[in-house]
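Consider the two complexes below, in which subunit A is the common component and subunit B and subunit C are the respective partners.
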Partner chain A sequence: MNQDGSTSIGRRLYRWLDERYHLNDLVAFLGSKDVPITRMSFFYYFGGITLFLFFVQVVTGILLLMYYVPSADEAYESVHYIMAKVPFGWLIRSIHMWSANLMILSAMIHLVSVFYMRAYRKPRELTWISGCMMLGLLLAFGFSGYLLPWNELAFFATRIGTEVVASIPLVGDWMAYVMRGGEDVSGTTLNRFFGLHVAVLPGVAALLVAFHLIAIQRQGMSKPTEWLNKPPEQRRRMPFFPNFLLRDLLLWFVVLNFLAALAVFFPAHLGEKADPFAPAPAGIKPEWYFLAQYQVLKWLPPTIGPFDGDSVGMLVMSLGMLAVVLLPFLDRTPEGGPRRLWLDLVATLALVILIIVTVLGHVLP
Partner chain B sequence: MCPERNCPNCPGEENRAESPSKRRLLNVLLGGSVLAWLGSVLYPMAAFLLPPPSPAMRERSVMVGTVNEFANNSGTLFRLGTRPGILVRTDRGEFRAFIAICTHLDCTVQFKEDESVIWCACHNGKFNLQGMNISGPPPRPLDPLEVSVRGDEVHVSLPA
Partner chain C sequence: MCFLDRIAPPLLLLAVLLAGLHATPARAEGETPVITGPGECESCHTQLQEEWLLDSVANLAYDQHFRKGMGCVDCHGGDYTATDKSAAHDPAHGYIGIPSELDIPALCGSCHNDPEFMAAQNPQLPVDQYMRYWTSRHGQLLRMGMRKVAQCSSCHTAHNVRPANDTRSSVYPANVPQTCANCHSDTDYMAGYRIPTDQFEKYRYSVHGVALLDEGDIAAPACNDCHGNHGAVPPGVQSISHVCGMCHSLVADYFEESPHAAHFAAEGIGQCTACHDYHAVAHPQPAMFNMGPDSVCISCHRHDDAGWQTGRQLFTMVSNLTELREEASRELANAKNLGMDITEGEFLLQDFRNNFLELRTLSHSFDMELIETKAEEAVTQASEARAVAFGAVEEFHFRRRGLLVALLLSVPVIIILAVKIRSLDI
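Our next item is the complex of A and B:
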């Protein structure tokens, strides 16, 4: 018998489980996985941070569900009640809001770093595509969650967003009708967005996260070209378990504290209750991740040739996004192959333009 | 009966076991039933997502107020059925009214006194007091409404 009783119980439990589920195989598998160390290694943590923030969203989201009422008559009042009366309600909602924003930022940094490290190349095409789908899902989470407090900004943001959908040729009107649950944004829309936000999207996200993680475990980390080009004795690496995982956990701890600080010093606002018969308020702007599209929609002329300006704009932006999703099939160089410089140039230019337009969207009146 | 398929020693067995046309027919029948079954599952779900048309009262006319409630060079939002309308009084005292929904992306417009224009705050679209789109992204003029002054009451109605 071991001196430490708890260890003994732990070991016995482990043995009991191992006998039934062969945990030793899994531990051996985890022990064999390692992470290449390069000067870009810091960026490996952003995937894990995104996952952690997703957990934060699930927990705070479930807590908010205890008080939130999804109806046009009561949604605003229930969020006001959460903010003003429920103990720490302001904190939970503010963390939910900040965590959503940081999660999208962290997912974007993850995507950009995976691009520059060329980790999307064969055989990781589907991992990349599932990642892109998850970023799209996060934006859908953001868009649907934005309406739920039923305030003025949310109401018009949803009207614009669904009207943009209506500009898609052929099926757009039908899609907007289904999204809104009628001709206009109304209480029905709120119910639909609520269902989407708390049931449909989390379900799809769970499946995609599972696929993404299993793919990474199955294929191992991508080895950057500059790391592979080194002589084998100079290729530094770190065991994933426990070294990398412990660093992950430490960083999650730091992120949670940062999140709490943001929520305390910059709590979420509620604004005015939505009134379908009031004008759109001056200075109305979307969340930062939609600012670039917003600014482009503002710049576009009413018509381009025979087409509506916004339809052409949305088409071009959609093609750009499609190119990002299909990147592994556009750059067919296998892992460790040479870098295509033109791809770096095009992507960097697109990224710089995206950042500049986002900043302009924020500062221009 | 011989347990082997296509047994060379058993004449006629191959016909029983593997008849390509029979197999194709069975596949078509089976595939068809699966499709029909899927349709009968998915159709009610898709139809459920489309809300029935609401029996909203299609108000055709509304009394917005009395003449002296509206100053020159001002605009007022009002409700016409399920949609917002805007009643504008020009600096010469004339009344004009439009559906107050921006033709760009559906925001509700407002009157901007300093420029005497109808303005959409969402993407900075502007319309003149005839409802024409004059700047920004709106692709079409605002939908006009008819104004009639009866006594000192201002009535607005959908065009006939």
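Our next item is the complex of A and C:
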């Protein structure tokens, strides 16, 4: 078929769809969308990278589901089968593991950049809160998914993780009991974590992602203060379609290749099958995104005054996280308003401490 | 049968009867032993400061008898309530002082030979040690009037008697070789007995000695596992395969079916020891079958006879299997180092090891048909394990090549996107 013929078919198909779904409105909307250009514009891409990695997780997760058996008797064997026998099973699982880690890292960078660009301010309070909730969901995805291979490391890390949950004041014991499905980590815990990982969390995440994206489309990109402070003729913009989207695509390609390289050079390992009656191996630590919390709890004394040390630690950390979530209500300056130096100082100090404690958690025995 | 073999059984019987007549326990027959407790002995003896006496009771607190409540007079006699030396050491109260070597078995047997009494103290302990002791070479020599022979306290100590499962006990499995060596490796002490004193030296670096003393495997045999405990005797030519067969039962069975069994018996050759030695049992090597300097076969077989050829055949087979195993292990380790999964290969190698072990056991039958069948199974398993390793290494390289191809395919897309982006105004 010649070019005219194919173009004609394409146009006819577009017209057919437009007649029914009003595609012209969408194209017009995309054409009018733009992104402010600042010296921090590069950080805009991390939202898109996080979304891309989320889709990678969905696709690889569905592929893993085709062979994974969620039971204490067969989970380990099924993952071993995926790694050893299923064609490219090792690649899918390794990409799933690396993509999970990169997704959490990318979401964290996105959150920090949104903070420094003051994009959480009115009228984007709910966009910020939904983003914080999604980061929490990603951590829950990581925690629940870590147990699913039912290997020694995952079993004992989950035991430690649920003990940390148990130290939350008032509701901790109940939460830990519900998570484990009993007094200790067992096959029931595996079933619960599996249900959470493949049904509950994806469902909630899909709703939050949809809300987050719709909110961004409805309210447009936030304009950084430094950009708004420029004279109107110096405010540079980039059309979202196709300029920004093409850059997004380019980065996604780079990330996909990076993921493939990580999977090939550092494939996911399985280790030994979990044995609930075996002693915990030395040096068990949680995943990197829980290391800071783990290290702080290790440093805390058993009791602080009349209170349990871990419970006090968890309370303080929970209040810190709550403050982050409620940030738009603590800093009520509207979009384009002046920076708050004290907030920058507190946040930068907290970030530096978080990074140092995470590194110490990794390095210290 | 030699003269000694003919007279040994009646002599042994006589020794047991004499032992029963002479060495009666310290208490009268039917008298129930009584534990009296520590009494007043220590009030004087702790003041004496005699080094030999203090040394001998230094570990009394850990002594099993002491912990059970037994006191000095339960063995040494005397009046434990008296505070005056002559009254405490009054022979009228059964005081015997330090018991003589000849009296010690009977003294210990007065309790340990009493089933009713021992059932109340420690029902797990046997009560036939006293009777067995007199059947042992030690007991026989003691009965003949020799005093440089082991009796109860020689092995168990006098005042530091601990249960055999206590790692500090002189009769804990890993301590038994040294306990026996205390006498048997002492050339001065053993002078006059005309038996070797290098048993411990040989045993120490034998396959059994290394397993027990270096690797801590208490299932490995110590002296008493072959020679017996209280009824210790050196195994004879006829009984040696039964002694070894207690652990190596399949080997013993195959050997009994082999052409060697009847011949060894007729010639009075020690069955297992003829090839493996006794105290210096080395880990079996393929070279044992080779008709070279390390071979044991050439002790009897001559060039090109049937045994010579079977030996060479076995040597070639075992050498090839050893080489195959090493190659498969090396290749699997290499694949593992590359981060590849080799579980299937490890299982195959484990199957190979089991088969190889069975083959080594089967080799005692010298039935080449059976051995070759087993060898074929082992060769298949080692070859498959090696194939798993090669497959894993190939997969490793395939993954890298695949990544390279994927990256090369991505490059044009990335270039097109980059060119398109550059063509835009912003």
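In the analysis below, the second predicted complex is superposed on the first by the 362 of 365 C-alpha atoms of A that agree within 3 Å, B and C clash if a C-alpha of one lies under 4 Å from a C-alpha of the other, contacts with A are read in each partner's own complex, and residues count from 1 in each chain.
One rule holds in what follows: a contact is a pair of C-beta atoms (placed from the backbone, for glycine too) under 8 Å apart; a residue touches a chain by one contact, two chains touch by 3 or more.
As the structure is a prediction and not an experimental result, all values here were calculated from the model.
Number of subunit A residues touched is higher for B, counting subunit B against subunit C.
Look at A:238: by the touch rule set out above, it reaches subunit C but stays clear of subunit B. By the touch criterion defined above, A:331 reaches neither subunit B nor subunit C. Of the two partner chains, subunit C is the only one touched by A:260; subunit B is not. When the two complexes are overlaid on their common chain A, residue A:125 makes contact with neither subunit B nor subunit C.
When the two structures are aligned on the shared chain, A:84 is found in touch with subunit C, with no touch to subunit B.
Using the contact criterion defined above for the overlaid structures, shared-chain residue A:37 touches subunit C, although it does not reach subunit B. Judged by the touch definition given at the top, the superposed model places A:18 against neither subunit B nor subunit C. When the two structures are aligned on the shared chain, A:287 is found in touch with neither subunit B nor subunit C. According to the touch criterion, subunit A has no shared surface contacted by subunit B in one complex and subunit C in the other. Against subunit A, the residues of subunit C that register as touching in their complex are 339, 341, 343-344, 399-400, 402-403, 406-407, 410, 413-414, 417-418, 420-421, 424, 426.
Residues of subunit A touching subunit C in their complex: 37, 80, 83-84, 90-91, 236-239, 242-243, 246-247, 249-250, 253-254, 256-257, 260-261, 264, 267, 269-270. By the touch criterion given at the top, residues 156, 159-160, 162-164, 177-178, 181-184, 188, 276-284, 294, 297-303, 308-310, 365 of subunit A touch subunit B in their complex.
By the touch rule above, subunit B contacts subunit A in their complex via residues 49-51, 54, 77-79, 82-84, 100, 104-110, 120-124, 133, 136-140.
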